[in-house]
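Following this line, the structures themselves.
You will see two complexes here that share chain A, one where it goes with chain B and one where it goes with chain C.
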Partner chain A sequence: MRRDRDWTGYGFLLPYLMLFGMFLVLPMVFGLGLSFFRYEMLSKEPAKFVGLENYREALWLPHADGTRGDAYFRQALWATVRFVVLAAPLTVTFALLLALGISMAPERRQNIYRLMVFVPTMITISVVGILWRWFFADQFGLFNIWLTRLHLREVHWLTDVNMAMKSLVLMTLWWTVGGPVVVLLAGIKQIPDAYYEAAAIDGATGWRRCWYITLPMLKPVLLFVIVLNVIGAWQVFGQPFIITSGGPERSTLVLMQYIYVTSFLNYRLGYGAAMSWLLFLLIAAFSLVQFRLMREK
Partner chain B sequence: MKEPWYSRAGIEALVVLTALLFVAPVVLIYVTSLKPEAEIVKFESVWPKDAREGIRKNYEYVLKTPEEIPIFRWLGNSILVSSSVTLLVLTVDSLAAYALARLRLPGKKYVFAMIIGTLMVPGQILLVPVYLILNKLGWIDTPWALIVPHGAGAFGVFLLHQFFKAIPKELEEAAMLDGAGKLRIWWNLMLPLSKPALATLAIFTFVGSWNDFLGPLVFLDSVEKYTLPVGVALFQSSYSSEYGLTLAASVICTTPILLIFLVFSRQIIRGMAMSGLKE
Partner chain C sequence: MRGVVTFLIVVGTLIAGGCDRAEVLGEKTTIRFWNGFTGPDGRTMLGLVKTFNDENPDLNVIMQRMEWGTYYNKLFVAGLGGRAPEIFVSHSYALPRFMGAGFVREVDDLLGTGPGQLDPADFDANVLANLQRHGRHWGIPLDVHPLGLFYNKKLFREAGIVDAKGEAKPPTNREEFVTALRKLTDAKKKQWGFVWTWQRTNSYTIIRQFGGELFDPQGVRPTMGAPENAEALTWCRGLIKEGLVPAPQDFNSWIGFRQGRVGMVFEGIYMLPELERQKDLDWGAAPVPVVGKQQSAWGESHSLVLRKDVKGKKLEGAKRLIKFLSDHSVEWAMGGQVPVRKSLRASEKFKSLYAQSQFAREIPYIAYYPKNPYIFEFLTEFDLAVELTLRGTLPADEALGRGQQNMERVVERYQAQGWDLGEAR
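The block that comes next holds the complex of A and B.
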């Protein structure tokens, strides 16, 4: 092997680095730059540097009625927070319980259960939307047909302001729990048997073993699953966009959808880029805090 | 595992029940798409009374009005886009991963760190700037917009890097003694030896692109260029209360991907597991 400086290897890297630069590094820098401009795609005016004006509009611009910032942005942020707080812990907890349950079954059946739980994840969001809109419909909806048959009161799954987000979370749980289950199950299987054998000699029973061996050993994988899930939840778009279009009364209008509407339906790209960066900062801060908290424990 | 048999059986019964609950909605897509509308809204039984009538009403309409629902057009677009993305990602990522894992490059450490540093960057926040870049390139409303940007993701480079690193040095040295160049080693040694990782990456990339919704929604304008997910979503918005029709379209959209899933389930599951156990 030659030990001198050999640049020819960069030939192999070049195709990827070009794409990486063009569609990852450049958009990040470009997006940040864009967020300091007033740039409306359809207007004849050229992009104009406005400093922090876009951020001010979202966060603290005073209005005549005494409120500050963009009320829709605030509402969208709040809707997103509600989704993250509901969906992420539920998904991870449910996935953990399922993975633990599946890990107790005999090997061959484990594979079948895992496969079954993973099937919904393979289905594209528009099909998921068609299916669950039918389940959730007020009239002729499958859930309400069954509730009526059981002589229970009908639920306004998607039309009740207090219910819509919870319905979306329920659907998300079904759609996305498979991935975390598979990852957690693999993590559980990686724990060496010797630990369990030692615990058995010490007389540890099922729950204690789970609490003192499985969970602590699973921590790195669990951390990975939690962080990934939370990052994903912040970017939620398809579920509310397709199923509720942000309604009723904007109660499920999440940040990504507001960014989409602002940028591509109202053509305010500078403002859209600024909100994207705010979302990015939120996600980054959140992930950092999570890493810190989990590391310390 | 030494739990008493009854608690193990109890837990497994719960698992089975949950697993069935997960599959049931998917089964419902299929059986309900065979029912005429009146039967769906009454929902007296899960199975269709007369599947032929449902097929005639739902599938024939969906398949025989291509000017209104060009579903095979969308299917073709989806196949073209997803296969191209997969081919691009596999080629570009494996070349890069080979260089990063096996070649001596000045400053390699920094390049690798930079690429890995973007693993956690949420792609969706790049939507607006990527749109403007694609617009400058004149790629809006072309398949290129759905294909090329996907090549920038860091996941594949990372996955293949880990795999290539584990291949024994001796094999590479033997090939070099035989006079094989770097390109030959990449093609004749690295790629065949990492088939499982390549298969995993291929399936992940394909499925990810197949299910991509926001990309085609933002980057395409003309209906005949849509991919299945956006096409079906458009269809459902104009026939939102006709469950039979929209479910028949869903079946056409879902079947190819479910087949891939069933055939490659082992690779998919292994890939999912690998993605969480790296480090």
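The block that comes next holds the complex of A and C.
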């Protein structure tokens, strides 16, 4: 017997789908189209279809001096890679350690710990940025005042080319670790007590219980947290934009900021769209690899 | 049900009220005025606009302030969409973009000696010419804000840099400047004779003093790699290497000056309100010393600009507002600006403004940024070259040479898109 399809579910989905379509799918498709056009708002000429020329400009367009592609694009990509490599693993590791630690605390205190870790996440990046700029300031910053009191050398947190990105990662860790902690904590709570009780009877130590029960059972949640963090790290923008403006010497000018400057300061929308799609493809590829790796037994 | 009826009544009343209000306002002509004055200067401007509205009951000027950081973006997009305000403020360096995009109206009919006009002879010729292109003016300068020398009088007296009366004596040339640096700098006390503030304006001033230029006279070809520019930046780096000036990354300059640990800074007149509020700092103001071969100091002007298609009553009202603001630019200057009307600068009211009067001496040789549509891309390259040099990462000629190469590519791109780049200055 053929059963009529029930459309009620779609009805509930409709408001979300409409917003999703209007503000995500449509702009993405529009952006993809735009990336094949030479569309510059400052130009006297109308937008012109140029095929893959914008992608070529970013990646392999030859120049008179023998170089190829956009050196600033490569520099921004490298800065972003450095951020991803530092920020994503650190955030996930710290979040996992904090979640495990909090889960072991007495039930009554867990809420207060969770709140303490989560509060920074609720502050907007503009406020966090201004706050940490003061913490990092060379002569009058909080961190250097502490270091001086401890008779240690001052650190050029934001003005040293080799230090600036690490400082941004440190700030990001403080700011974002709360979200993954809450998710991982919820995941830990989902693990039935029976496993731990059985392991305890078998004489398993706390560490072994964590390694053989908690982590394997937490794998789907952990995968979710890792993927979200890696995607978030690729899309980093607010931290360098507010704290370092991409400096010193463009060392923290990440891809998102370069796309922003290209598109909305220099009004090269076609080229900006092409770089956005290159970033999207990178993120998609990374996410796929992560899913594959985590799925393997 | 009763709740729904009440709601409908309230909404109906509000709509009706709104309609009434619109009709009342309909008797007035509304003029939108956008600017980026979000600091204390915004309150001064708001006060002027309120006075204007009171004095002109047939007009209703609505002023909207936005952060400079996003202001030009919003203005540009609004202009492209035909929704730009009737009047807006633009720095002179940003104006070529708006002119190029075709939504700026020329203002030559506002200049003249007739009623309601502004006498062009009353403006400084170089300041007015800065807004000229193809023989026409595209904005009315409201002010000029030059880079000047702020110095710490107490540190000067302690170091014995004084005149015959025992008063702190600011340097006027390279020799006096370097001598002052040597006397004021005391590494043990973490005290510096001079520190870089905004590297862009500081180095541009020195480059121009060394006879350097960043574009050819037509404003088309970049000349960033010119030897004079490299010579100027090499001299700047030399001060750092010699230990007379800290590297820019090693010092929070303006805060240091306000804390009394810095003898001299080159800063814009717009920093004045902060100093005036600070009662425990004995500071002085003077023109930037000539450390190169000629007088020069970076400066910029806020210009009052009209949208291209403003017509009829709105145009007449907008012109009235521009004249009013220009006539009241001494009040505007009190917040840290210099008026560009000679008659106003001759007034007792202006003469009583100490720092503004000092910095006004620089007007005849103010160095504006080059005028072209790719100024933002150009400044990015310039900033990077200056940063690489002052930090000691690259020699000046190499850093500037890289910038030159990148700028040539940018210029080619603009030319390929049909930009009229000639006579851009």
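Criterion: the second predicted complex is superposed on the first by the 275 of 297 C-alpha atoms of A that agree within 3 Å, B and C clash if a C-alpha of one lies under 4 Å from a C-alpha of the other, contacts with A are read in each partner's own complex, and residues count from 1 in each chain.
In this section, a contact is a pair of C-beta atoms (placed from the backbone, for glycine too) under 8 Å apart; a residue touches a chain by one contact, two chains touch by 3 or more.
All of these numbers come straight from a predicted model, not from anything done at the bench.
In the superposition on chain A, A:60 makes contact with neither chain B nor chain C.
More residues of chain A are touched by B (comparison of chain B with chain C).
In the superposed model, A:264 lies in contact with both chain B and chain C. Legend: residue contacts after superposition of the two complexes on their common chain; A:249 is shown touching chain C, with no touch to chain B. When the shared chain is aligned, chain B comes close enough to touch A:225, but chain C does not. Once the two complexes are overlaid on the shared chain, A:42 sits against chain C while remaining clear of chain B. By the touch criterion defined above, A:140 lies against chain B and chain C together after alignment on the C-alpha atoms of chain A.
Judged by the touch definition given at the top, the superposed model places A:211 against neither chain B nor chain C. Overlap of the chain B and chain C interfaces on chain A comprises residues 140, 264. Partner chain B is touched in their complex by these residues of chain A: 1-3, 5-10, 12-13, 15-17, 19-20, 22-28, 30-31, 34, 98, 101-102, 104-105, 109, 111-120, 122-127, 129-135, 140, 142, 145, 174, 177-179, 182-187, 190, 196, 200, 205-206, 220-221, 224-225, 227, 231, 234-235, 237-238, 242, 256, 259-260, 263-264, 269, 272-273, 276-277, 279-280, 283, 287. Residue ranges of chain A in contact with chain C, taken from their complex: 40-45, 63, 65, 137-140, 156, 159-161, 247-250, 261, 264-267.
By the touch rule above, chain B contacts chain A in their complex via residues 1-3, 7-8, 11-12, 14-16, 18-20, 22-23, 25-26, 28-29, 32, 40-43, 91-93, 95-96, 98-100, 103-106, 111, 115, 118, 120-122, 124-133, 148-149, 151-154, 157, 182, 186, 207, 210-211, 213-214, 217-218, 228-230, 232-233, 236, 240, 243, 246-247, 249-250, 253-254, 257-258, 261, 265, 268-269, 272-277, 279. Within the complex formed with chain A, the residues of chain C that make contact are 73, 76, 80, 97, 100-101, 249-252, 255-256, 373, 376-377, 380, 384, 387-388, 391, 393, 405, 409, 414, 417-419.
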